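Okay, got some structures for you below.
Next come two complexes built around chain A: one with chain B, the other with chain C.
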Partner chain A sequence: MLSLALPGASWAHRLPVGVKLAGLAVVMVGAMQLRDPWVIALALVGLVGLYASLGRAGLAAGLRAARSLFWIVAVILLWHLVTDQARLGLTLGLRVFLMVGLANFVTLTTPLPELIALIEWLAQPLSRLGLSPRLPALSVALMVRFIPILQGRFGQLGLAWRARSRRRPGSRLLAPLSFSLLDDAEHLAEALRARGGLAPRKQGKD
Partner chain B sequence: MERNFTLVILFAALIAVLGLVPPIPLTFGVPISAQSLGVMLAGAVLGSWRGAAAVLVVHGVVALGLPVLAGGRGGLGVFTSPTVGFLIGWLPAAFVTGLVVERMRSLRVGIAAGIGAVIGGIVVLYLCGTVGLMVVLDKGPFEALMLSLPFIPGDLIKAALAGWLTQTIARYRPGALLSRA
Partner chain C sequence: MTQPPLRVIAIENVTLAREGQGVFAGLDLRLTERRVGIVGRNGSGKSSLIRLAAGLIAPQAGRVSVNGVDVVRDREGALATVGILFQNPDHQIIFPTVIDELAFGLEQQGRPQAEAREIAREMLARFGHADWEERLCHMLSQGQRQLVCLMAVLAMGPDWVFFDEPFNSLDIPAALRIEARIAELAQNVVLVTHDPARLGGFDRVIWLDEGRIVADGAPGEVLPAYVAEMERLARAAPC
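For the complex of A and B:
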């Protein structure tokens, strides 16, 4: 499971993550106000320039994200053509590309460890509630770790099914998958307890 | 404490994995992803608060830029796309599904989970999704709802599956059913 962030050290990678997120919030509010399709198209050209400044890999990653919007934008355009509001449809369709493209730019240029550090910093007040400030980062790490495990288990169950039957398994594998997931949760909880559990560490013991 | 935590995390992972299952195109061409089944199941099995917590972990991982949504989507961009309401709506969807299972104790758990999945995973979710479409696209509620109606038959199938799975879990792993603990 790889992060969507691009490897590299472009100018945008070097900006602090806080600056990028604050800038994104400001630009978003501005972009929501745009009503003229030509202005939005112009902003989109600027956005493409921004991606191009990351090099060819940046442009390719931006296009990949834009492609997943293709259908919803097609539906939006079609709807507005049918209801005779082509100009509004164009505004909305272009704005979708602009907004998603802007947010995605931050994701592409911010390495995962920087974001995790930000989360740990934001989570510091958790220790006042008697929870470890490492909890959010631990949650993310464990979840990401278990995605390939569950995926592998799903694949094994599929193979076992095909060894027994010619029909397609459909939704029948969901029950055994759930059981294995619940059993994993028990074992993982035991392992966590054995390593000191989720309570915050005592001062001076690190 | 540790067990509740790991259950929440593993249901979050399940939601992500169900997004990787190839979408099943229904007869009239609308693809449905299994991902919201994971949301319904998280609520029905873990209960209201923990079900919502599992969804929150998924949201966090999406915001961090990991491609865990159906179709390999992820990153901050999905929070500004027109379908953001359906993503944020997973939170109240899991919560309400869990709440129904917790409150309707006189019903068999599978039936309660099915009803909860319809109320939380369909009614509440579409309400949030429609509001999201209205905000991002400046639409009225009627037009926004029209855009999402084709997905409802698939979601009814998922709600039934969620009920059946919850009943199966209650039978073979009763200790894990935190919603009725």
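For the complex of A and C:
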């Protein structure tokens, strides 16, 4: 299983999660305004520098994230080559790397409990409606946790397929993947219930 | 208090069906021993039994309580009373880093984050693994991940700890280590296994088959009969 966390105590880990997320939002809006592929490429160099500041493990984690984008970007580029808009394709492709890379950077350097605490705080108004603010907080945390599981499971199913077939699996793995994810979700729900469920502190609600 | 509160799992007239399949019909069981083993074949209801006692599944009829706590409805009370280790640690671990995994249950019990992390650190130190704090759970070995689950459960301070097939998919040293750790626990233990050799020193062994209690008593009485029956089944239906 992969993980979307990079334990450590770098400068990025020490930044408060609120600052990181607010900064991310501002930078994302800015990144959307960039239209010159050269400028985006320059920003990407800066992003690589950010990852490098986390050390060797940080750089490796960044490369892994970039590798998983390879096919998406390849499709974008191909499409724009076919429609004779190479420059636009390059802009969009580089922008995907930049934006996902930035978001991944924040995810990697933010411990999940900090993220939960922030969302719980932001969701405080929900408690006036009688809903637990922990609900959206845990949901987001679980989603973050599930992304690497999804990747890992797809890899496993692919191995199981290749062990018995000469052809590539392709889309035929989607149904078994969904089933196995439902299964995982059930296990996770049980693990969560074993430790108090979504709102343990409110008695009588579960 | 002059005498410690009684530790008792009371399962009264429980009927349980899972996914349309009947598991228990009118099961009665009262467990007070420090070490209880549950044996039986796959599908005999062993795992369902400890999930019932942990309050993870609700029976269709009957009552389940542990130390007087209604574990299905009073989840807050259940958290401080029972802990359960699933067969596969990967199904149990929710958080990427060891410290977050240990602290989570404590926060769920309503402790502030700083205090939860402090208790989690103490637990790691007690097991001689203070250096695991920032380790990634998925980078640990199977046996180490299981130990993370055990520490996470113990941190929540339960009186009872349930183990579901804890020796599966461990190598021999790891299996022996977890066996020794279980033996050392101050908590009451209910251990589900299909391996009778692990239950020699237990106080009581219950043999389940198709949701019914076939035998119930000291390991010296129950286990030989269980092994004989398993061997008979193997001979009766050769592969």
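One rule holds for everything that comes next: the second predicted complex is superposed on the first by the 128 of 206 C-alpha atoms of A that agree within 3 Å, B and C clash if a C-alpha of one lies under 4 Å from a C-alpha of the other, contacts with A are read in each partner's own complex, and residues count from 1 in each chain.
Methods note: a residue touches a chain if its C-beta (ideal position, glycine included) is under 8 Å from a C-beta of that chain, and two chains touch if they have at least 3 such contacts.
All figures in this text were calculated on a predicted structure; none of them were measured in a lab.
Of the two partner chains placed by superposition, A:Ala22 touches none, neither chain B nor chain C. Between chain B and chain C, it is B that contacts the larger number of residues in chain A. Contacts of A:Leu192 after superposition on the shared chain: both chain B and chain C are touched. By the touch criterion defined above, A:Ala60 lies against neither chain B nor chain C after alignment on the C-alpha atoms of chain A. Of the two partner chains, neither chain B nor chain C is touched by A:Leu81.
Look at A:Ala117: by the touch rule set out above, it reaches chain C but stays clear of chain B. In the superposition on chain A, A:Gly8 makes contact with chain C only, not with chain B.
Within the superposed three-chain model, A:Val45 lies out of touch with both chain B and chain C [touch as defined at top]. Judged by the document's definition of touching, chain A residues 1-5, 112, 142, 184, 188, 190, 192-193, 197 lie at the interface with chain B and also at the interface with chain C.
Those residues of chain B lying in contact with chain A across their complex are 1-3, 5-14, 16-17, 20-21, 37, 41, 57-58, 60-61, 64-68, 71-83, 136-138, 143, 147, 161, 165, 168-169, 172-173, 176. Chain contact summary for the complex, chain A toward chain C: residues 1-5, 7-8, 111-113, 117, 142, 145, 184, 187-188, 190-197, 200-201, 203-204, 206. By the touch rule above, chain C contacts chain A in their complex via residues 51, 54, 56, 73-76, 79, 83-84, 86, 88, 90-97, 100, 103-105, 107-110, 113, 134-138, 152, 156. Across the complex, chain B is touched by residues 1-5, 24, 28, 65, 68-69, 72, 75-76, 79, 88, 92, 96, 99-104, 106-108, 110, 112, 115-116, 119, 135-136, 139-140, 142-144, 146-147, 149-151, 154, 171, 174-175, 177-179, 181-186, 188-190, 192-193, 197-198 of chain A.
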